[in-house]
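Chain lettering (A, B, C, D and E) follows the sequence in which the chains are written, and residue indices restart at 1 in each chain.
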C-alpha cells in the first residue's frame, strides 16, 4: 500500500457526500432534508473520532456542540455593532467556537479521562448538566433566556446574504465540516494516532507496555472530536438557527442520537457515521411523514434489535466481509 | 549489565508480593524465572514493565533508573513484553499489530508509519506469519495469536523481552517449534529474554542459561540452569517435603 | 462415581483440553497432577460446568451430567473448591458457611454440617463473626473448603488447596483431606502441584500435561516414574 | 458462522433498500408537481385570479411527539376543525370568483429543530404549500423562519409567543398567538380594580425565554399600576420540587402571586403551595391554570386559582359582539367549533387555546386570501397586515412587524370546578372570587363561588 | 428568618431525600450485580407513577396499596426485558447496554403515551398535614418517606436474612463463589434485574405520594439524572448506599437553595442543580466508590 492508495477509503466518503449534495441541489424540496442528513453525518463523524476510535462513551458530548453554538453566538452578538467587520465576524465566530470547545474538552478531559466505563459516562453527563445549570444559575451569557440574534446577523451581512447563509451556506459549511472530519479521521487512522487509538481501544494495558502514551492519545482524540463538535454547533445551530437557549444546546438527546448513528454505522469505521447518519436521518424523516406521532414507538425496538443482532454496525460487518477484496481497500 | 534489580519490594495492602528481590541480567542472556503460582513472578514482571511501581528498591535498565518511569517510556528503551493469554489488538490486522510495536516501541521513537509497516512486514516474515498478514488478529488461532504477539514484541527491537508463560495453552506439538524459534531469534537479534514459567519444563531447560526461582515473593535460587535444578531447595518447592517445617 | 470421557474445552477460540479422560472411584482420593497452565483447572471447571464443554461427556453416578447446570450439580452432591478461593470477602465466616448450605438439601442439615466443619476446622469456630476478607490466606482456604463441605457433597473437587500456603499449613490441608475421606466418606478429586504430598494422600493419580493425560496409575506406580519427573522438571 | 453474518448483511441491505425505496417515491413525484405549480404561478399573478388552482395548501410541521406533543395534538385538531368549517360550511375560499377548498398537510417534527427545517423544506418545495403554520414554541418557530423567508412563503405563528421573533427582521411571519409580555396585564388590572388595598406582589416564574418575557411584562405593568414587587425569583425548567422557593416566597408575605411557565411546573406550583399552606388573595399561573387537566390533577386545590388565556371555552365572542365593536366576523360559533374539534380528533376532548389560536389562524388566512384575491405571498402578507376581524377566538390584528396586537387575553378562574372568565369585564362569564378561599378551607371542600 | 427557612428546607429535604434514595436503589442494585447502567431508569419511575395514578383515579385504590402492586408489575416487566434483551448483552460492551436500556426507556415512554396520552396529570389523595411551625408536611409526604424507609429496611432484611437475598449478595460479592455454593447465577442476574426494576417502579408510586402532579410519559428524565448523582454519592453498586445518598442529596439540594438565594443576581435554583453535579464530579475524582461505601480489600 503506498502513500496514495492508503487514502483510497476517502473516495466512498466523498462520493456519498457528493451524491447527497447533488440530490439536494437538483431534486426540489430536498435541500433541507439533505441539510438535516448532513447534520447527522457530521455529528456522527465528529463523535466517532472519540467514541469510535477510543471506545469511551462520552454522554456529555453535546456540551461541545453547545460551546460551539455559544462561540458563534457571542461573536455575532458582541461584534454586530462594530462597523466594517462583515463576514469576518463569522470567521471569528468559528475561531471562538473552536477555542471554547477546546477549553471545555481540556477541562473535561483532565477530570473525566481518568475514569473508565460507566464512571466516565456518568461523569460526562455530570459535566454537561452541571455546565448548563451554571450558565443558567450564574446568568452567564444571558442565562436561561439565551440569545436570539437573527437581527444582528442581518446587520452584519445584510438581509439577502443572511437568508442565504441560514438556508444554504450554513448547510454547506456543515458539509465541509463533515468532509474535513472524515479526512482527519482517515489521516489519524493512517498515522501514529490511529494505531495508538486502535491499540488502546482494544487493550489499554497492553498498549501501555507497547510504548504508547495512552493519556496523550486519548486527549488528542477527545479534543479533535470536541473541536469538530464545536464547529458543527457553530454552523448547524448558531448560523442555521440564529438563537441559543441553554436547555436546547445541552439537550442530552443529541448525545444519544450521535451514539445511535455511530453504532448503526459501525464504531471506529470511516464510512460508518455516514451510513449511520443516513439510515437514521432518512428513516426518521419518512417515519415522521408516514406515521406522524408514532415514529419513536417504531424506532425504539428497531434500535434494540440492531444492538442485539449487529453490535458491529453496518460498515463494521461490511468491512469484515470485504477484507482482502478489491472493494475492501475502499471500506474502512 | 542490561537489567539490575536492587532490593525491589512491592506490597499490596499487607501482602508482600515481591520481597526484596535483587537480580541481574546480562545482554543477550536467556533467563528463566520460575516459581509456583502466587510466588510473585507476575508482580515482578509488572514492576519491570512499569504496570506497578515498587515501594522499595531500584530498577536500572541499560544504565537508566526506570524505577518510577511510566510504562510507555520504558518500551522505547527496549523492554518488550508478551502476555500469558495473548492480547493482540483483535480488530487490527496482524500487520497493523506488529507495526504498532515498531512505531511506538522502538528506541528512536519516531518511526514513520510507512517505515513501521515495512519493519512489520520484515518481522512477520521472520516469524512466518506471511499468510495471515492481512487478517484481523482476533480471527487467528491461539498459536497464531501468540506468534503475532511475539512478532509485535520483536518489532519493538527490544534489548530485553519479558515472556509471560510463552508456552501455556499450546498443543504439545507446537511447543518444540516455538522453542526452537525463540532460541534462534534471541541469538540472531541479541535479545535478552526473561521467560516466566510456572514450572521448569523441558522447553526452558533447553534454552535458559540461568534460572531464578521465586518462592513467596522472595528469591530462592539464582543459578545456572543445571545447578538450579539440582538445588534441593528447588526440589522442595516443587515436590515439597511435608515432614519439614 | 465420576467418569469423564474425552472432554474438550477452552477459552474463546483457545482450546485447552484435548480430550482427556479420567475416572474417580467412590470413596477414593484421585489426584490430578501437572504443572500450571496445562488445563487441570479447566478440566475441573468443565466437569463442574462453569466452563461449557465443547465435546465429550461427563457421567456422575452413571448419569450423563455433561450439560447439567452448575446449581443442579451442587444439588446432586458435587462440590468444587475453586482456585483463588472466591470467598465472599465482605461477609462473615458464618455467612460464608451459611451460603454453602444454600440449597434446600444442604439447608436441612445445616446444623449438622456446621458441627462437622467446626470439628474439622476448630479455628473457624472461634472466628465466626470475622469478615472473611480480613483473614489470613490459610484461614481463607479453610473457609473455602468448609463452605464446600456445607453443600453436603458426595464428591468434592479441590483446585490447588495448598496453593500459596506455608508448608505447615499445606500439611494441615492434606490431613483434612484425608479426614474428609476417612471420617466423612467423601470422594475426592484433587488438583495439586505439590506432588509429594498429593502422591502420599492419593489412591489413584493422573498426570496431566498440555491438555492431555500423560500418565495414570497408583501413587506407587507414579512415584519416581519418568513421566512425572519429566512433567515437572523436564529431566 | 459466516452464513449468519451474511444473512445479517442481507437483512441490513434489505432494510437500507426499503428506506431508499421509501425515499424514492415521493421524490419522483416532485418534478411533476413542480411543473404543475409553475403553471399555477403565472396563472395566479396578483390581479389575475388563480383560475387553475383547485385547492389551497396549508403546511404544518406539527409537534405530535416529543416534549410539545400535547400542544401539537391540540393545534392539529384545531386546524382540522377550522378547515372543516371553511370547506364545508363556508363553502371554500373565494378566489377569483370561485370557491377553492383548503387542504392541510402536516408532518410530525418530533419537537426537534432538525426536523422542523427539513419538513418545512419539503412542504415548501415538494408539496408547494401556500402557507406554513409554525410548530409549537418560540424556539422551533424561529428555527423554521429562515427557510420560509428564503422560499418566500408566508409563515403564520400560532405557537411562538416571544416578542423577540418579531425583532429579527423577518418579512413573512405573522402572529396569531398574543405576545408574551401581555400575559399578566389583565390579572394586574383586575386586582387593581377589585382590591385597591392589595400592594405586595410576588413573581415566581420558570427560567425560560418565554416565561421570563412574561415576567418582564408583568413587572413593568405592576410598577405602572403602583404595586410593590416583594419577591422575584425563577426556577429552572423541569423542576420537580419547588419547596425551597415557595418557603422563601411565603416569608415575603405577598398579597398575591403571579407566576408559572409551562404546564407541569404550574401544577407543581399550585400543589406545593397547598402542601405548604401558603395562602394569598390571588394566584395566577400562566400556561397551566387554564387547562382542564390542571383541575383534574389538583381538584379542589385549584379552586379560585386564575390564569391568563388566549381563549377559553365560554368566551362571549360572537357575531353580535363583533357587530357591536364594528369588526368583521368569520368562522364557527364557539359551540360549533368545539363540535368540529371533537370530530377532527375523533375523541371526547375539549379544545384549549392551542387549538383555538391555530383555528383562528386558518380563518385569518382565509380572509386574507379572499381580500388579496390571490395566494401569492406578498399580497396575502399585505392583506394580513391590514386585516382585522373577530372570530370565536376573539379579535385579530397585527402590527407592521407581524406581531399580534388585536387579541386581548382573558383571565380565567376556577370556580366550583368550572372555568369562569372573570376579566376583562366585557368578556366576563362570572364575577371574580377575591380573595380566593384558603387552602385549609379548600381542603374542607370549600369552593370558590362568587357571592353577590 | 434565614435560619428558620433553612431548617424548614432541610426537613423537607430529608423527607424528599428518602424518596429519592428509594428511587435510586433499583439503579444501584442493577449496576451492582450486572454492571449495567440503566439509562432508561426514569421511564420505569414514570410507569410507577402511572400505576399509582390509574389505580387511584379509576379504582380508588390508595397509593400505599399501589406500592406492592407496582412492585409486582415491575418485577414482571424486569423479567420480560431481562430475558428478551438484557441477557444477550451481559458480556457486550458498555455502549451496547447503555443504548439498550435507553431504548427500553424510550419504548416504555412511547407505549404509555400511546395508551394514555401525554397530558400532565395528577391525583389528590387528601390525608391531612402536620404543621411544624417552620414548615408544613402533608401526611402523604410522610407516608412516602416512611414507605421508602420501610422498603429500604425490608430490602436490607431480605438481603441479609433470606436465602434468595443472601444468594444475590453472594453473586455481588463473587459470582464464581456463588456458583460453587449451588446458586443459579443466571437466575440471580435475572432476579436482580427484575428486582431493580420492581423497586424502581414501586418508587414511582412513592414519588407520586410526594408530588402527585405532573404525571406524564416524559416525566422520568429528570429523575434519571438525579438518580445518577445519588447513586454515585452512595457508591454506584450499593443499594443502601443509594438510600443514604438520597438523604444527603435531598439535604444538599434544599439546603443549598437557602444559601445561594443570599447571592444577588443569580438564579439560586439552577445553582443548586449545578452544585449537585459539581458534587458528583468531585466525588468521582476523589472517591469513585462513593462517600458512604466501606473500603474494600
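Convention: contacts are C-beta pairs under 8 Å (C-beta built on N, C-alpha and C of every residue); 3 or more make two chains touch, one makes a residue touch a chain.
Owing to the predicted nature of the structure, the values given are computational and were not obtained by experimental measurement.
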item: Graph distance between chain B and chain D, where chains that touch are linked; value: 2
item: Highest C-beta pair count, chain pair; value: A-D
item: Cα-centroid distance, chain C relative to chain E, in whole angstrom; value: 43
item: Averaged-CA centre spacing for the pair chain C and chain B, given as whole angstrom; value: 31
item: Multi-chain contact sites of chain D, meaning residues that touch two or more partners; value: 65, 69, 73, 207, 234, 236, 238
item: Per-residue multi-chain contacts in chain B, two or more chains; value: none
item: Multi-partner residues of chain E (at least 2 other chains); value: 110, 267-270, 272-273, 297
item: Interface residues, chain E side, partner chain A - complex; value: 31, 35, 37, 85, 88-89, 92-96, 98-100, 102-104, 106-107, 109-111, 114, 225, 228-229, 231-232, 236, 260, 265-274, 277-278, 280-281, 284-285, 288
item: Interfacial residue positions of chain A with respect to chain B in the complex; value: 1, 3, 190-192, 195-196, 198-199, 201-203, 205-214, 268, 320, 323-324
item: In the complex with chain E, residue positions of chain C that touch it; value: 48, 50, 69-71, 74-75, 79-82, 85-91, 95, 98-100, 102-103, 106-107, 133-134, 147-148, 150-151
item: Residues of chain E defined as touching chain D within the complex; value: 1, 5, 8-9, 12, 16, 110, 113, 117-124, 126, 129, 131, 135-138, 141, 211-216, 218-219, 221-223, 226, 253-254, 257-258, 261, 267-270, 272-273
item: Contacting residues of chain A [partner chain E, same complex]; value: 51, 55, 57, 59, 111-112, 114-115, 117-119, 121-123, 125-127, 129-130, 133-134, 136-139, 143-144, 256, 259-260, 263, 267, 294, 296-297, 299-301, 303-304, 307-308, 311
